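Chain naming follows the written order as A, B, C and D, and within any one chain the residues start at number 1.
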Amino acid sequence: MILVIVLVLLVLGTLLFHFLSPWWFTPIASNWGSIDITIQITFWVTGFVFIAVNLFMAYAIYRHRFREGHKAHYEPENKKLEVWLTGLTALGVAAMLAPGLFVWADFVDTPEDASQVEIVGQQWHWTYRFPGEDGALGQTHPRFISEDNPFGIDPNDDAGQDDILIFNNELHLPEGKPVKALLRSKDVLHNFGVPQFRAKMDMLPGMVSYFWFEPTRQGRFDVVCMELCGMAHHAMRGQVVVETQEDFDQWLSSHPTFAATQSDSRADPERGASLYGVCASCHGQEGEGNRNMNAPKLSGLPPWYLERQLQFYKDGVRGSHEQDTYGQQMAGMMNTLSNRQAILDVSAYIAELPDSSAEATLEGDPQRGKRLFNNCSSCHGDNAEGNYATNAPPLAGQHDWYLKRQLENYKQGIRGSHKGDYYGTQMILMARTLHNEQAIDDVLTYINSL
Amino acid sequence: MNEATEQQHPIGIFLKVWLLLFVLSIFSYMVDYFQLQGYWRWSLILIFMVLKAALIMSVFMHFMWERFALQFILLTPLFAIAIFVVMMAWESDYIHWTRLAFLSFDSGG
Amino acid sequence: MKYTAIADQPVEMHEPSSFIGKYVWSQDHKVIAIQYSLTAVFVGLVALVLSGLMRLQLGFPDTFDFINPNSYLQFVTMHGMIMVVYLLTALLLGGFGNYLIPLMIGARDMAFPYLNMLSYWTYLLAVIVLLASFFVPGGPTGGGWTLYPPQTILRGTPGYDWGIIFMLVSLAIFIVAFTMGGLNYVTTILQARAPGMTLMRMPLTIWGIFIATIMGLLAFPALLVSAIMMLMDKIVGTSFFMPALVSLGETLDYSGGSPLLFQHLFWFFGHPEVYIVALPAFGMVSDVLATHARKNIFGYRMMVWAIVIIGALSFVVWAHHMYVSGMNPTFGFFFATTTLIIAVPTAIKVYNWVLTLWRGNIHLTVPMLFAIGFIFTFIHGGLSGLFLGNVVIDVPLSDTYFVVAHFHLVMGVSPIMVLFAAIYHWYPLITGRMFHNGLAKLHFWVTFLGTYSVFLPMHYLGFLGLPRRYFAMGETSFVPDSVASVNASITVAALIVALAQLVFLANLFWSLRHGPKAGHNPWGATSLEWQTPDVPPHHGNWGPEVPKVYRWAYSYSVPEVKADFIPQNLPPEEVIANEPADEQRERES
Amino acid sequence: MNSTDAKTEVDAGRLSGMVTDWSADKQAFDMHWGKLMMWVFLLGDTFIFSLFLVGYMSVRMSAAEPWPPTSEIFAMELFGIHFPLLLIAIMTFILITSSGTMALAVNYGYRKDRKKTFLLILATALLGTSFVGLQAFEWTKLIVDEGIRPWGNPFGAEQFGAVFFMVTGFHGMHVTGGVIYLFIVANKVRRGGYDRDGYESVEIAGLYWHFVDLVWVFIFAFFYLW
């Protein structure tokens, strides 16, 4: 008896949950409304079946519950009924399948006027490539991949020269224009997923997959990686900004072509040296850092990292958070580096400074630290030497008090929460795995020992 | 099959099949020896292969003398394999195409 | 008949006397079944604990020191793999298959008892290797139970060197064990039936196990092959699944392999596998329903054919797991169609279960409660499967919690429900005693309501777009804060359910000693296993004479017959004046 | 009551054309259990080898690098004459011969001709041994002379070596196992063990052996000739 009531309640409860729960598809931002419609159809069919079958079952249990002396009806089978049910079910299936297949037919063939964009996945970042004037993307191969050619574009392929490279995880797209996303992976499986677009697809190494969609709503959307790709799968995030054609064109033109990245005007350490004079007052002549000035050690940091951070300071991506007092100081200093070239130069100079090793100020439990560092090592390297490929700076040799502050900033979102800080967002998720000060000290103690 | 029927297979048929297998093997070897290419190669190889397989299976393994029920239950599952083969051939072709279209193999580096 | 079956041997088989011979190196299918079951339940509990740990992290992120991104993935992977292969497959086929096949078809034992014993010990070895991977450097693999290369064998994934090797080896061993057992089940069912036991008189339990075993024998090769290939990629350095790639900055010298090949091979095994765990459950639940509703299973022949058709179709739907894998998109049409077609035979089974209740005389015993719980959860899970089967709908939902919700309802809950139903149903036969009814009812309510409240909300997290295998969501624009509270409540529910399993185990062990004596055929079932001369059945099962079967297994409430059930082996002449059966009934009720 | 009896009987009858077998009680096939088991096992084994070959097909068809010239790699100089695939041809013939002797062995077994059966099985086993020997020779030749490795080779797509060693290796293991199996059976034949419990065991061993030959037919066609 209770069971009957419970079954009925469960059916009702499920329906209520379905209609009342606030958790439902995110408002759609692409042309794939047809998918939502297919889902609605499926909901009606399956919903009907769910209610009908379960309520019938409940009724049967109530109606034919055990009664003393009563005997069940003996009926091995009932051809007619079974045929009917089979037929109806087949109908129901067809009703769901048919529209689905039509939408799929739409999904697999890309409209002629779709513009191309290549989405490149790697552990654990996104980068993007647009075709240049020639409208064609150059061929690629992992064997070409290097620090200077992170996209692995074939240097001998003319089509590749004018390709425009977006070397961060923020993708811009014009509103109302169909795009064909060509998906490529440098290492393992990934999946470029934007819930609001509905469409998504895996990317695999060794081949190229695709899907197409048409952004129909302006805005900034989160990209999540939807295929397990290792330890930081959950931290492989990106952004898609849908905007007007004008804004898009302007954004696109602000990015270098492949050719440009190859023939980069090299930085000049001499000029860097003169610029560095100012920095030395805090960071020290050798860039060894200075605790009293709260200035981290700069020597030993690779130019690509210094360049990125300085640019962040300049653009207010870093040091703009009101709680980031020291960062603000640094941001204040940035006017001494007038332009990009200055940044390159000074970075080049710093990179030449002799590396010194900072003295340890913390002590924690290195064993536990080693275990905790296990996660960090995937990106920062087993010896915390840093890794360009994962955009992870070296940690070994840096002042632990500085690292500690940064970790805490990450945890509180003081650093890395700015939408422009493409790589910091990842660190927020990772820093949170260090649940308390003790954990941080342990890790840093271990790093000191490296 | 139980003994009674078993003994009814004369040695002769086995010897014949045996000979036939040799001949077929020689043929399929010749296909390669004379470096036949393209469809000829393909069809011949497959024909000889199927013939040999059929002979071994049906005579040597007594399959032709088994009850239909057994033959049926042993052969039907092979449809699953057949479908898998077709799908995978198709798939590999597709992968191959994307590779040639988007990845660069010719030029050095 | 020339090849005399053991079943025909008039004399009882000699019973081994020594403890070792009786309980350790035993060749008695019943002992082997128990060994299988206990081992499976043990690893099952390990997996259950792992699921608890996962839930802790998801419900209360950043609180527990022993969970980090690496270990989380390891928990997920081991949880999934253990539950699917080492718990369900082993328990349903190795456990119940072994126990019920000979008893239900009236044989004295398996066709090849020795092989049967080997099968168990090989399985145990597989389990040991699997658990050992928890202790190797780097821990067990964290590549997901689907073990997709390249990441499973590349730096950046936990357990990428030792863990994965142990996992693959363990799987290979398991496949050997399964093959030994499987050959046994098939041969036994085909060749060792009691006189009068035609195939179309077999209980559906046997049909489910029979088809599932055949599927296993044909599906596991795919897993074996892909395991061997991946081992070679990992150890020898071949490139079956590994194209040229740059892993975390270093260029590895693989080239030309195809990750998709692995996915196809895996799912060519993987999809049949999910039905391998479903079909025996379907069969067993049918018998439980019929017995406790005192009514013949509705549309027996349709049920049999549905099982066969499902088994056959499940070999041509594999790529519905790969709709968004980047495979040739045209495949979508074919696989969406085949996938949804499977819904029809499955639907028939569901209808017939419900129609079996209709006009029955339903005893809401504990097994019956679980059986009905199964129908409910399976319908829900199956229907959510139809969403995923319809290729376009799968695009937004794939790799979200919707999938997790689907396969838990349909595999993580329904067959488990059947397992519980079956355990309670056959407990009196296996142990000779009744379980404690109150505790059992408690166990049912907590498990049924608990699991549903765990997995219903997950569907909606899926609609939101929450990806699966995520250690933490963090702040994400499309995820409202309320989700955190859902996850917390799911976790609480899951933990309660997990605790309820302790009640279950306690009940099992308590009743061994203190349960009331069950007596002979307490449920008044018709099928042979209940007609053994002594309960629990002895070595050789049948005493001097193997039973002779006169009718199908569902002669419940047959008109003009006093008793509401007629055992399969009751001679027709005794039926009309059915004193023995009749008294029996009085005695039990 | 009896109505249902009759019913189920009829039901069974309507199952399909294979009425008698499928609707029989006790056993579906009037056949030695071991033999049926061997058949089912071979079916599973068929799946294993088929899937290996499918894997081979996939990597080969999707490989962007050229596939090494098989017949050249396995070619051999003999008295100055250049034979493509010579070794493989010989191995093929050996295996077929062994299949023949095995078939005869089975036949004589059923004629209860112990001596002939024993000698024929022995011959089969020895032929099998020589096959394995030649295969070992072939492997060394490939590894040492041609420089072919599972992870690469001088001629082209590196899957060539991988597939070769995996497939022939797996088949070779089957042959080796078969040889051991045959020796055991042969020994029991000699001791007249089967005069007591019937010669089906010889046929069962035969089934396995022919299957190994059968597989080779496909490997020969798909790997060496394609």
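Everything that follows uses one rule, which is that a residue touches a chain if its C-beta (ideal position, glycine included) is under 8 Å from a C-beta of that chain, and two chains touch if they have at least 3 such contacts.
Quick caveat: nothing in here was measured; it's all calculated off a predicted structure.
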Please name the chain that ends up farthest from chain D once chain centres are defined by their CA atoms averaged.
A
Maximum number of contact pairs occurs between chains A-C
The distance between the C-alpha centres of chain B and chain C, rounded to whole Å, is 36
Distance in whole angstrom between the CA centres of chain A and chain B is 49
How big is the gap, in whole Å, between where the Cα atoms of chain A centre and where those of chain D centre?
51
Between chain C and chain D, what's the gap in Å when you average each chain's C-alpha atoms?
33
Within chain B, the set of residues that touch 2 or more other chains is 2, 77, 84, 88, 91-92, 95, 99, 103, 105
Where chain C touches two or more other chains at once, by residue number
2-3, 218, 256-258, 260-261, 264, 268, 301, 558
Junction residues of chain A, two or more chains touched:
76, 141, 143, 206-207, 209
Under the stated contact criterion, what part of chain C meets chain D in this complex?
1-3, 5, 7-8, 111-112, 179, 183-184, 186-187, 190-201, 217-218, 220-222, 224-225, 228-229, 232, 236-240, 253, 255-258, 261, 264-265, 268, 301, 549-552, 555, 558, 560-561, 566, 572, 575-576
Of all residues in chain B, which touch chain D in the complex?
1-3, 6-7, 9, 11, 14-15, 17-18, 21-22, 25, 28-29, 31-33, 35, 41, 45-46, 48-49, 52-53, 56-57, 59-62, 67-70, 72, 74, 77-78, 81, 84-85, 88-89, 91-93, 95-96, 99-100, 103, 105
In the complex, chain C touches chain B at residues 2-3, 218, 258, 260-261, 264, 268, 315-316, 319, 327-328, 331
List of chain D residues in touch with chain C within their complex:
1-2, 4-5, 8-9, 11-12, 15, 22-33, 36-37, 40-41, 43-45, 47-48, 51-52, 55, 58-59, 62-65, 150-152, 157-159, 161-162, 166, 170
Under the stated contact criterion, what part of chain A meets chain C in this complex?
3, 6-7, 10, 14, 17, 21-26, 34-35, 38-39, 42, 46, 49-50, 53-54, 56-57, 60-61, 64-67, 70-78, 81-82, 85-86, 89-90, 93, 96-97, 100-101, 103-105, 107-108, 122-123, 141-143, 145, 152, 183, 185-189, 191, 193, 195-196, 198-207, 209, 220-222, 224-235, 237, 372, 374-375, 378-379, 387-390, 413, 417, 425, 428-430, 432-433, 435, 439
